[in-house]
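All chains are identified by letter, namely A, B, C, D, E and F, in their written order; residue positions are counted from 1 within each chain.
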Amino acid sequence: MKVSVFRKERFNAAHRLNNPAWDSETNRRIFGKCNNPNFHGHNYDLIVEVCGEIDPDTGYVIDMKILSDIIQEEVIQRYDHRNLNLDVEDFQDNNPTAENIVITIWNKIRNRLSDRYELTVRLYETEKNFVEFSGG
Amino acid sequence: MKVSVFRKERFNAAHRLNNPAWDSETNRRIFGKCNNPNFHGHNYDLIVEVCGEIDPDTGYVIDMKILSDIIQEEVIQRYDHRNLNLDVEDFQDNNPTAENIVITIWNKIRNRLSDRYELTVRLYETEKNFVEFSGG
Amino acid sequence: MKVSVFRKERFNAAHRLNNPAWDSETNRRIFGKCNNPNFHGHNYDLIVEVCGEIDPDTGYVIDMKILSDIIQEEVIQRYDHRNLNLDVEDFQDNNPTAENIVITIWNKIRNRLSDRYELTVRLYETEKNFVEFSGG
Amino acid sequence: MKVSVFRKERFNAAHRLNNPAWDSETNRRIFGKCNNPNFHGHNYDLIVEVCGEIDPDTGYVIDMKILSDIIQEEVIQRYDHRNLNLDVEDFQDNNPTAENIVITIWNKIRNRLSDRYELTVRLYETEKNFVEFSGG
Amino acid sequence: MKVSVFRKERFNAAHRLNNPAWDSETNRRIFGKCNNPNFHGHNYDLIVEVCGEIDPDTGYVIDMKILSDIIQEEVIQRYDHRNLNLDVEDFQDNNPTAENIVITIWNKIRNRLSDRYELTVRLYETEKNFVEFSGG
Amino acid sequence: MKVSVFRKERFNAAHRLNNPAWDSETNRRIFGKCNNPNFHGHNYDLIVEVCGEIDPDTGYVIDMKILSDIIQEEVIQRYDHRNLNLDVEDFQDNNPTAENIVITIWNKIRNRLSDRYELTVRLYETEKNFVEFSGG
């Protein structure tokens, strides 16, 4: 019997959308105000869903403390109060759209989880714009 | 690799639940206070989920500005600050329950989206009552 | 030692903004889409704040059950799933703007409370538009 | 054409996580502060999702009043303002983790629903920790 | 020029409302289901407002890290995952109504703040029931 | 009879806390991760409260469309998707703490409002950290 457990965490970061293969005018046209060369920023809300069997001894799918620690180590300590474009290696050659961020986070957490779990990650850039990835 | 992107919009509308094939007493019994002939109303929250491949040039599944424009044109401009029963052709012969509204909205947005996208629409009538449709 | 206690309740209603002393064009110009003759509607959130001394026997400023009952009887049972303009006597000659609604609610609850309490009422028409009245 | 309808309800309860097969030290190590023998508590938010065909007469998948009554009778009246470990038979021999609570609630509501409906239950223990069960 | 700064924290606790000077029947009549001898619980949301002059060097009224540490030490570490009646000395002889809890918290934080600050504390027992104290 | 009306708007921006009169080490010690030279960012929520008499003709304290336009022109168009330190003149010589931002916004809106109104501005930097200014 599989149950999903969800853990919500947050980080605050600056970013800029830009495709280095395009000229400035094309970048401005496609990305609009998100292309501002001086960056803008968001309070990102992150919801990590792990689906698996309940351990009969603990009554847990996964200990939320362990899941929270993984999210802290893989995501929050690297992204929080950072500039995603300048400070985070993951986005040196990867445009930090919400879609690219959520896939990156999914991969980092996937590497830390046992294969017996399914993983879905949801990322809120704002209350009105958010994305979700389950591995493709 | 498919990612879901979500866009949230809002509209405020009046409506009344009524089945013209039934007499008044049956309508009152089935629909209760929602059958009030003078209407009541809601702040509807709408979440449109589009699932598809990421465009490698933009890092977007779909430009949120384009998705927002489609929702504005198809839904918000037609439903916002309207009486769904009296002002909106979609509900002339279609009882505006949350279920019927969400299917109607799904069809309108589906017609505007490329076949390469999957579509799910969620509609909140109140914080406690909401519905979701993915095409059946 | 005075403490404020707050109770949140909700009602869903239709309304229309209109000044009968004006012609239709003026009403449309001033009230815009809120002047729709067929009405629109909202999920109204109501927060009633009562400030007073703590009763040493109960540890309560006021029993929340009693406060909730007053709000139910004075407001929710009269306004919920109603058309404020057509169904509610309070707005027969009183344009149901959020400002006029909140003053009306304040007066109704004030009449039910002992003089030893101060009263403030906040009314959310939407998440973005809300009003508050403390007695003037 | 299947639509999902969701109903949100709430209950407030005390609980304690403990495995009687383990000694106190193991329980403290595994469950941490959730093992407090004097209990702690939560405001639980419960979202019940029922998926099925729309009834063409009513425009409803299920009457929300009926669904709400089922949730009240099966869950709220039994769990609200209770100690899950001491007052609720369901958890006499079942550690009241969010995972075990959500499966228990799912079974209770499943027994009250027609087979033509699919059922999913989500339970928020806090805003940051929540679980979901769809039947396994 | 005085500015208010607000810091939100949370704790989860069990409690029971009871006046030991009354018999069981009176306690049940007055406190209803909150009198359950086996306790119930809440996710308490706490908002601490500190009002004062801005320090021209930092641009802060008070360093939020310092304010958060005070709240952690005075409130969260003592109340979180505890039974307020059994585990917390503050409520040994003080009925843990929201009103009495908020005054107790206000006094604890007041003792840690410089006199140049004004202090207001708001405590949410649920989304629908909350209280606020500013010193009386 | 004075009523308060509130309008909520949002902007997303990058910023960095820094005092140019201090050396780098002092700035890092005082401002911590908020001192990151490459900036971080937030979704700022802004609530503007205007208190005044109700106009008997409209039933409005102030037309929310006019208030929203003022906030758009004075704040959103200048701050949204900008770097507060680099792109916004207001913070060239003014450390963009939440406290300094809220006073700056208050002054800009105050200049656009008639003297018959009182003004309060609340700014949420995150859900846990926010500030409010009423003119000092």
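FYI, contacts are C-beta pairs under 8 Å (C-beta built on N, C-alpha and C of every residue); 3 or more make two chains touch, one makes a residue touch a chain.
Owing to the predicted nature of the structure, the values given are computational and were not obtained by experimental measurement.
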{"item": "Required minimum of steps from subunit C to subunit D, each step between chains that touch", "value": "2"}
{"item": "Separation of subunit D from subunit A in steps, with touching chains one step apart", "value": "1"}
{"item": "Pair in E-F, B-C or A-F that repeats A-D, with over half of contact pairs matching by residue number", "value": "E-F"}
{"item": "Longest centre-to-centre distance from subunit E, chain (CA-based)", "value": "B"}
{"item": "From subunit D, the most remote chain by mean C-alpha position", "value": "F"}
{"item": "Whole-Å gap separating subunit A and subunit B, where each centre is the average of the chain's CA atoms", "value": "29"}
{"item": "Centre distance in Å when subunit B and subunit F are each reduced to the mean of their C-alpha atoms", "value": "34"}
{"item": "Touching two or more other chains - residue numbers and ranges from subunit A", "value": "127"}
{"item": "Touch relationships between chains, expressed as pairs", "value": "A-B, A-D, A-F, B-C, B-D, C-E, C-F, D-E, E-F"}
{"item": "Residues of subunit B that touch subunit C when the two form their complex", "value": "10, 12-15, 33-34, 36, 38-43, 80-83, 86-87, 126-127"}
{"item": "Touch list for subunit E against partner subunit F, complex", "value": "1-9, 49, 54, 57-61, 63-65"}
{"item": "Parts of subunit B lying in touch with subunit D, wherever the complex brings them together", "value": "17, 19, 21-22, 30-32, 94-100, 102-103, 127-133, 136"}
